[in-house]
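Two complexes, one shared chain (subunit A), two partners (subunit B, subunit C).
This part shows the complex of A and B:
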């Protein structure tokens, strides 16, 4: 409603209607405009007029207190983005991120929305990512996971969690909806318990407590344990979203499939799940957005993701005053990804609504 | 044998047994392995360690705590700190969120612009990043020596925010809170059981009476708990290198409050906006046709309807936000999670402490959801009211 009227030409009438309809409205408009201008002017001053640009000017920044020190970004951006990854090999880390970005963009194109194409795309993309990062084949020097860091580690954890969590969530949702009461009840209990725990405590348990209670052969690497824990957490949330999508289906759909003599897997695979996913698409994208943002929690349990590498870059004595600039920089990187994904989700929701009307 | 496998009932029972048995077996193996590992380290499993003294400090505590206190007490301190943080941050988030949500649906272009910017800015960056950002800003405030009190005695310093406090005992503050909570519960209960059957005016009278009586009792409780020979209000004053008097809000607590309140507000604003948008236009049109003022239409028609629409979503959001308070560990705010992880480091009683952590969160989250669901039941539209 408002979107349409906002697109009208800025005639006197629309301006009056939206900004100066009543005296109170005019007062609010003027007050907010002054406030916004004040904030924007302050930000503009800080970020541009008084800022220090260029490579390696930390001595200048130290004495200069009013403006931002973008010199920090110009000098230390490679540490923020790539962490401890070997300096000569950082192109691989960058390329790997670009590969995953392309995969993410491609999966927004409807051509890829099928049960075969989308998983294939992600598996190929993820394998390319892993080979690029890990090396050891095709003449690439091996780089162990411990040396990964920065944006590529964040992307790696996110992609691995989605890739593991998505099939897991379908299994969880089907088990939760099973006609066998004990399976359904146990799964419901597991999902409810995990959902009411904080993600941080799950990560903590998988990273630090699990080695303690697992037999030696099952311990594995800390990074992969955390990914598995996060994937299970993701799957519990996503399973409820998929289940919601299934519940929105009219009962007649499954009954018709049964009447046609379709078996369980055919019913689920060809009738229930495709429609459930369509219903669940907007909350699913929302779940991806949240998952990407919360990937940054791994910094607390000692991984060198982009937040941790940013803190390391601003942690040395010669750049310690640039912490705020670092957070703004890292925040902007997150913002670009998360904002575009959530805009895409909103667009999709709009599109789906148009179809169903 | 073949027929036995093909028999549906037998197969179902077998599958169910295998599934539940598998999960139970994994858990049992974990506990057994954990026990042997504990014994290898010379620790005894069980909850006996809760009685031992901790020997470490906690920087922020609402109740008395020293290094001689027991583990049980330390965990209680952690739980209280988490609840305290949630009890302050969630209402602030709600107030800001509702304000921004109203701004975004107000029809004023400028207000919508500001509201949208707020929501998009704070919803699209990770909470932990925002927390660290606010923490850095707060630590960057001037040192106590250079800070000037503003607004009647609030001092913003790098060592914490000093606000005026009351010279009353902790017990009376607790009693006051208890009285207000009890009144709220009573009002809810009456609102569900008694008031709907009464005449509107009569019910209104009773509501006013209930609240004024409880407020008077609360004030009296406050007054009785006064610390003798001090002034009632305690202003912070610059004393040497630091501030003295008043209440010091540490940068850690303040950063957690600000981060969770703002991040939560951005989410709540979206929920509130969706709630307002779900109200049919006919409602406010009917109000206008009756000649009600815009304020009346907002406060008596749209807001009450919106609250009822958003309540279920809001409950989930509160539970989710409360879980998010655990990130306080990133800046060493001594909440439940931080105390548990410190205790695991110090005592090595991993299994028991993790069990306490999970049990604690389950109980807190379920009781929070339970209370809020009762609130929802009490205020939701019933029967013929349902046609919005």
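This part shows the complex of A and C:
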């Protein structure tokens, strides 16, 4: 494992030592530097110097081939960000998104890390999000779930899946490690079966096949069925990650807790889980990142997540040439989210000293 | 029209009107479900399908399929405003969603194939659009038909039914042209635009959509009238619901009937105030019967035309000359203009 505290200081001496040690070394360095600069310059040119900015300049863009057409984003960004959400009500979607982000950022602050504060924060945040999006109370016009779209839908699915999936995964992991063989084996079977199914087929089953099987009162909106299906899928993977974290603990830890006379819940809650999470932090962050990116699969069952609304934004005769700009824009949004998620993970690792024990 | 004929047809209409009875709509019909719910759940798209279902700057749906959804909702409820929900669904999802009741009807450029019709338990309305495979050629070649491309090169996608159909077409029409095939769609189109081939064969709406982005401008390319192969696109409802299917068929027929009679969204009020014939009077709900037989209000066709116009208006607005795609109507015209469509008889 690399030592996080080790830092390369960039001085003339180290540069010379690392990159210009021999003539061949120097040649390769120069060559690569020139190549990189050339690529970056081309990119910079495309994205900034030759780009077309401003609202509604699709005719200019069509004949202009060298640069990016950011006019697409300027004109159609509301479709990308909010999908089919009613135009006049889109401020609600934006506000809901901001609320969710604030909650996510707050829950990263150590002050909120307690068994009471964190759930309260999330319940309040989630309720605000839901009321803003769904409406129907406080004078807000109702907007049904199938009209939700864009970034707020992606954020909603991601947050809901993680919130449902996390507790579920702990339950799964504990059942999987149960001392009663039948429970442990059944859970192992369930986890393995679900893990062997593609996420897409699980989503399709929950969204489309389930209404044929369930009684009418239990069907609910397609969105929630998909979230439940996705959460179960997430929980199965996350349960194995947590189990890995648990198994890395020396057996003596639990035995010592037993010897002290601690009950099962105390042992799990105070001794096993905190250490298991600490061990499992890097793969857990990884799992979050994967989950965020895979939310775009919901487009297959007809949701306007950010990628689908991006395609809808570029899917008109006026803008059909702007697919690259659309993917760059959506890609940047994904990048911002995933990158901050992984930087936060790195911060947590540093704080909990996961790297060095 | 002769005065005696007017009297005769009015008399006929009166007799017919006296015989009008309200249609018996089957208890479990989707028509009843929709009317009770007060809104129609129609198929949209997960993203966009150029010309048929796309999203404007305000996030509103538009396109040929969307207009048909609007027409249907207007026919059922008087106006589509507040009575129509466009449910975004993917291609793969359309049949299960229809069966499970997520949507009431699939209007999503879906071809009428035998397996869908039989094995999937779907019922097709009569086609409303012929998805023809046609050839696009550069205008400066001066070609008017495939025969003019003799001696040239034609690009098609490799290993598709299009390739086979094109080969057969060239054979049967004794056109001596070389065929160049490409595995990849982008490669195919780029080769055409770079001038490697004189003609490009694809599904006509795709040709029209691609032409908009042509590097030398859409006007430099023309879609030839020859139909190499075709796919008939219909409206789909679950099998075993004849009442609901009737509504679809008569909706389409009404749109063509209006076109035939020159009734548009603009002049529909004038025509209704002063119907040129008893049939038109019946059609627009002046005389009773046209709606009641289907279990609908008698002015349902009027409401439809008022909101979306006749079929020509729908076509031209979305993929025809009133749109950037500018796809000639060709085979999709009424029979008297060289197409294959016709209204059914209103009696």
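Here is the rule we use: the second predicted complex is superposed on the first by the 336 of 357 C-alpha atoms of A that agree within 3 Å, B and C clash if a C-alpha of one lies under 4 Å from a C-alpha of the other, contacts with A are read in each partner's own complex, and residues count from 1 in each chain.
Rule of thumb we're sticking to: a residue touches a chain if its C-beta (ideal position, glycine included) is under 8 Å from a C-beta of that chain, and two chains touch if they have at least 3 such contacts.
The structure displayed is predicted, hence computed values, not measured ones.
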(request) Could you tell me whether subunit B and subunit C fit or clash when both sit on subunit A in the superposition? (result) clash
(request) In the overlay, answer first, second, both or neither for which of subunit B and subunit C A:78 touches. (result) second
(request) In the overlay, answer first, second, both or neither for which of subunit B and subunit C A:308 touches. (result) second
(request) Once the structures are superposed on A, label A:33 by its partner contacts, choosing first (subunit B), second (subunit C), both or neither. (result) first
(message) Is A:209 touching anything from subunit B or subunit C once the two structures are fitted on A? First, second, both or neither.
(response) both
(request) Return the chain, subunit B or subunit C, that is in touch with more residues of subunit A. (result) B
(request) Once the structures are superposed on A, label A:327 by its partner contacts, choosing first (subunit B), second (subunit C), both or neither. (result) first
(request) Look at A:62 in the shared chain and tell me whether it touches subunit B only, subunit C only, both, or neither; answer first, second, both or neither. (result) second
(message) Just to be sure I read the superposition right, which of the two partners does A:335 touch: subunit B = first, subunit C = second, or both, or neither?
(response) first
(request) Scan A:11 for contacts with subunit B and subunit C and give back first, second, both or neither. (result) neither
(message) Quick check for you: in the superposed arrangement, does A:300 touch first (subunit B), second (subunit C), both or neither?
(response) both
(message) Quick check on the output: what are the common subunit A residues between the subunit B footprint and the subunit C footprint?
(response) 204, 208-209, 212, 299-300, 311
(request) Flag every residue of subunit C that touches subunit A in the complex, lowest number first. (result) 44-51, 54-61, 85, 87-90, 92-93, 96-97, 99-102, 209, 212-213, 215, 323-325
(message) So in the complex, the part of subunit A that touches subunit B is made up of which residues?
(response) 2, 6, 18-19, 21-22, 25, 28-29, 32-33, 35-36, 175, 180-183, 186, 190, 193, 196-201, 204-205, 208-209, 212-215, 293-297, 299-300, 307, 311, 323-324, 327-328, 330-331, 334-335, 338-339, 342
(message) Quick check on the complex: what are the subunit A residues that touch subunit C?
(response) 62, 65, 75-76, 78-79, 82-87, 144, 146, 204, 207-209, 211-212, 222, 299-304, 308-309, 311-318, 320-321
(request) Write out the stretch or stretches of subunit B touching subunit A in their complex. (result) 12, 15-17, 19-20, 23, 29-31, 33-34, 37, 107-114, 120, 123-130, 132-133, 136-137, 140, 294, 319, 323-324, 326-327, 329-330, 337, 341, 344, 350-351, 354, 357-358, 361-362, 365-366
